[in-house]
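There are structures below to look over.
Below are two complexes that have chain A in common, paired first with chain B and then with chain C.
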Partner chain A sequence: MSEREKTYVEDVNRSIYDIRNEEKDVYRIQKGLTPAIVEEISAKKKDPAWMANFRLQSLQIYNEMEVPDWGPSIEGLNMEDIVTYVKPNTHMSAKWSEVPEDIKDTFEKLGIPQAERKSLAGVGAQYDSELVYHNVREEVAAQGVVYTDMESALNGEYADMVRKHFMKLVTPRDHKFAALHGAVWSGGSFVYVPPGVSVTIPLQSYFRLNAPGAGQFEHTLIIVDEGAYLHFIEGCSAPKYNVANLHAGCVELFVGKNAKLRYSTIENWSKNMYNLNTKRALVEEGGTIEWVSGSFGSHVSYLYPMSVLNGKGARAEFTGITFAGAGQNLDTGTKVVHNAPETTSYINTKSISKDGGISTFRSSVVVKNSAAKSKSAVSCQSLMLDDKSRSDTIPAMDIRTQDADIGHEAKIGRISDEAVFYLMSRGISEEDARAMIVSGFADNVSKELPLEYAVEMNNLIRLEMKGSIG
Partner chain B sequence: MEKEYNMTINRLPSKTWNWLRMNETQLEKIEIPAAGEAKVTLPEKITTAENEGSKPWNADFAGIASGIGEDMDGLLARAGVKAKHYEVPADVTEVQPLLLDYAYVQNSLRAGAVAVKAGKNSEITVIEDFASDREASGQAAVSTRLYLEEGAKIRLIQVQRLGSDFTFMNDIGALCEEKASLEVIQLILGGKNTYLGCKTTLQGRESSMNADTAYIVDGEGRLDMNYVALHEGKKTQSNMQAGGVLRDHAFKLYRGTIDFKWGAKGAVGNEKEDVLLLSNDVVNQTIPLILCAEEDVEGNHGATIGKLDDELVFYLESRGMNREQIYEMMAMAKVDAVCRKIPDASTQAKVQKFLGRAVEEEEA
Partner chain C sequence: MSEQLLQVRNLSVSVEDKPILHGIDLEVRPGETHVLMGPNGAGKSTLGYTIMGSPRYEVTGGEILFKGKQLLEETADQRAKDGIFLSFQNPLEVPGVSLRNFIRNAVEQRSGSRIKLWTFKKELEQAMEVLQMDPSYGDRDLNVGFSGGEKKKAEILQLLMLKPSLAILDETDSGLDVDAVRTVSKGVEEYQKDKKGALLIITHSTRILESLHVDKTHVLVNGKIVASGDASLVDEINEHGFERFLEA
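And then the complex of A and B:
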């Protein structure tokens, strides 16, 4: 009898995320944050006058606002040391062959062009502060779908639409780093899906930060019009340096009546990154926002995608996993505002802490007086893999209508010794047994991702679990 | 002499977004009360003593953290309050409860402090009854500190039957040594503004605490709570349950924290809140935290807010009750369930009388 073949999933080689390209002929703005620097970014990007003013107003707000007093420490982040704009020596292209060799090589190692060929409707690739590649399949463009970089949208046919929506959902007054984003944003994507159009295969933007000591501030603006559907995937990574890097992007999503948007993220920033990102969706009547979020990288994260359910019957789902390892303090979760009748939210998160990592699940569910017959269910589970780590759960609920149905449950604990023993009795090593249990724990997220991304996520878990025995 | 005091109370052990306004509560210009004591029914085997120091608490109790926090001690100090001390000798099981009746009159402005030390393997029930006329106004503050030595058991029962214009601060701090066990039963049935804190430090191995709180908040009433179970010892257990009803324009904020410190191996903490909302003008805020610095622990919390289960409502409707009657019945059932745990017939009767009047008045 022939031996049964086993299917192996290759481990991800961490070195692909740590590829560092030498900076050649790049334009680096000077370190720090001053009106002159902001004006220089405006000039470089050929901003329209309203945007140039908006940047300066945002800078003023940034200077007025305090850093948060409630989350992980960001004392290691000194804006005087951060370069807010780094432009690679190239222009955006719709052909990979026109992208400089070293940059293209990096994206190839990350698997972006291959994924585009196999399973994506369009790709945007940002390298430091600017997009180097942007393309959308012809048949998708023929449906009227717009997928372009933010700068082109700001100055082109969709300028009015961008102006109407840009930082209206996340205003610079939202918090200090939203104001920072308003002042120095660069790059990112604009997507418009016309009424009734269903984009059946996903679009993806990938953000790569190569420059040490730099910040990335991309802006993603997506408008899914009435009855339309889109799945948008966001990926990000950076090589590790021994100086702080900063990511303060902003994602604004407008989901029209009866429209549906799924927004998936696998975040794998390097462990010197301060990830202070802001994401928000406004959902109209009958619309649905689905967030799928995997947080693996960063030194410090503040990440809470927010759903504002503004129309009757609007719905939000949030499925997330956070894996905090050595040197990481990942503060993640979600916020939901029920602002209309019969709205529904469903939140399901898992977090894992290991090797001294700190994971905090933070959430808020606000049900306003106008949201009769609304429902919300929150479930969060945390797994502690050792006693050097920390895991906190901080969920808040504010309910202001009688006719609401709100449920919340949370659990925290460790891997069951019995489960490990059972698997080991079946011939599986302890390390593999623990990795299998953790992968199973993360199943809620991986099953929501396209296959390739689920495999990548499971490999990231396997990688993080290596050497975890003892 | 200082006549008013600004207080920051009921601080959440780990802060969250400030815009939620749940991190702490600010009380501005609180009038400095006069010291006031309860009418005491002292069981035979309990000894009592005055605090002879200059501060509200003697050395045994000064280091015990409480739910409302340090500003409560600031208020007591400004009021010149010195805690009345009660001690249960080691190995004594006192079957009679220690009864502390706080009967407040119209426009009361009083503060008091009680310290109970339960010696090794002793057992005692302490009943605190906070009452006033139904329409009375006033302000009162009571701080209760409990020190449970090895194997000791304290059952603390608090009944709040205050007038509809009364502001009340009720603060509890407890420290449990090895295998000590604290049970807290609370019924919050009256008052306008109630600030309630309860923090238990489970310091000794296999110590435990169980808190069961039922509340009815109506009118313009405000109930602001902060419960903390601090697990320091191995195999410690906490169980916090709160349930209640909000009517009219009531506001309620429940903070509940299970805090597993490093080294609390084998600890288990559970927390549950069930709230029924009987008006569209109520505000219900809930923030149940689990803070965990230890791998070998188990923590659970759950909350259900808003409506009754559809199947239950359908069943009761099929038995001829209308929806309003069903919700009133279930609201009272929550309070009755906790009331039945009070092991003192006269206290139970006072509660029933208070509830009976409330129901009659509503029906009228």
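And then the complex of A and C:
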């Protein structure tokens, strides 16, 4: 019997093998990112011709470039499967029952309403946030401010402005994921603030990013014209769950002469996410960019918002906090290029690592010879909560002027047992004492966050300290 | 027996495997003020930290009872809730936590219930006045950038707000100038006033004791209590130092 079977197998073996081989190739082509797929995206989005073209060029660059080899490993990201990340998730929409327990748990503990939870998890329809969004839009429109989604902006009244700025600051040549973004971007916000207009309410992308499938390759383009002011808040402090685990968004900010933009972010992706986000601001004479950046979620993050100080007296402030727990490798920091005289930059970051989490602070400050009398101060502090965790600081500076005023300060520490005992001797439990020390460490960053985010950030720290969620 | 507040029985303590205290016996009744004196390195602070429950100090023998209850199994926060307080020799700095919020948090932990903001504010202001502390200190981060004297005042402020049944003052007068010692003493007197709270004052000088009522004095040398007596023992040490006890 065994002999017969063997013969049988040998007989058909070759042909099956051949067919399989062919099938495999076909399959692979379908799974790779092709011009046809990119064109399909273009058609679906009704791209203008230049954008359709731009996508295809970006695709070509994407295919030529290598994945970065200098940061945390992104091996878990299957580049062969990139299409499954890119295709609008028609057959990939999640079910509530499939959302990981730890995320549901966190929603519960943060007190987020049921409807909102489903939306944040990328399942379920958009809820009443659409209404809130419209109201906000109308209110700022009265001031002449344009606040809309990128797709509408591309085909609307401000199409030329979009074309003039889109991926001019972050070009597809920047890195492989910027090229990918150029090819497949979808969704995001466009904001234009006319000269001299001060927007009194902060605008939030939160409202629209909650739509299923949105917020993965979103593009944010903000132009704050001369003498204008805007505070833009991106994201949400609740963990965002997405079936696909790649986020390659892009943020381009143009800050005009004497204008000021404050850009606050909480990145709290679910812990399977590769967050490869690119953010950049160009600041003209006398303008100010203020970044406030909190990174809590994701499995791996590469995140270094960059400020290009292009006009005399331009100024950048970066305040950041990163919290890396078990299984997380968060590589965050900032870049500043001083390209004009009397420009200043202040960088202040805190990072916390726990349960084997890795947190790396990376900064780059470049003072070009065009930037006489410039000033830069960098301060980074890390807190490691146990012996398993890791914290690194990699500050780079390239100073090309004689008169630059440069300061740098780095501190890496642990929670002192003595301090924990001190707090405990006042009746505070060990867990609360540790949480208190960690929140206190993060305090000058949380103060910079919008209030509800600061509250939620403290809740998050407490949750993380309790170790009740992964 | 039940009228004893604190009973330390044959207590031996090691720090990092090094024996420090050898068979200490000490009894404190409610409302009494005890003074623990002795030269540097005798183990005075070790006794304070051990009663408070610092995990650094390993009890190798004996027991401690507080209000008739075994204390050694309890963590520091539980002991605080039982009514024990330790004023630290070197209070720790905790950035990002304001003195006011910290005290409020501690008071609520101690009482187990929320305290009305207004009531708390008034009490805190009164206590700060006794200690000649500017109310703005309440907004400052706990001990961060405080001078030595300010830190000690902040400790006594916590003592007044927490109203423990036993307060251990560990070298509260060390490193303070005459005025600061006087202010701190005033705060301690305020605590003594209602006769409810007992005190164990650890000191190697007698300056803080000048204006305070003392019930009992103990002399600790090389991890052992070598003499106990009433307040007159303080005067004797003041005059002759510890020499007599060192020989013994």
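As a working rule, the second predicted complex is superposed on the first by the 360 of 470 C-alpha atoms of A that agree within 3 Å, B and C clash if a C-alpha of one lies under 4 Å from a C-alpha of the other, contacts with A are read in each partner's own complex, and residues count from 1 in each chain.
Operating definition for what follows: a contact is a pair of C-beta atoms (placed from the backbone, for glycine too) under 8 Å apart; a residue touches a chain by one contact, two chains touch by 3 or more.
Since the model is a prediction, treat every value here as computed from it, not as a measurement.
For the composite obtained by overlaying on chain A, chain B and chain C can both be accommodated side by side without a clash. Applying the stated contact rule after C-alpha superposition, one finds that A:Asn444 touches chain C and leaves chain B untouched. Contacts of A:Ser416 after superposition: chain C is touched, whereas chain B is not reached. Using the contact criterion defined above for the overlaid structures, shared-chain residue A:Glu40 touches neither chain B nor chain C, since it reaches no partner. Contact with chain C, but none with chain B, is seen for A:Met436 once the two complexes are overlaid on the shared chain.
Comparing chain B with chain C, more residues of chain A are touched by B. Looking at the shared chain after the overlay, A:Glu226 reaches neither chain B nor chain C.
Of the two partner chains, chain C is the only one that A:Arg426 touches; chain B does not reach it. Once both structures are fitted on chain A, no C-alpha atom of chain B lies closer than 15 Å to one of chain C. When the two complexes are superposed on chain A, none of the residues of chain A touches both chain B and chain C. Those residues of chain A that touch chain C in the complex are listed here as 416-419, 421-430, 433, 436-437, 439-444.
Against chain B, the residues of chain A that register as touching in their complex are 69-70, 362, 364, 369, 372, 382, 384-387, 389-414.
Only residues 14-18, 20, 22-23, 260, 262, 265, 277-307 of chain B touch chain A when the two sit together in their complex. Those residues of chain C that touch chain A in the shared complex are 52-56, 75-77, 79-81, 85-86, 88, 91-97, 102, 105-106, 109-110, 141, 158, 162.
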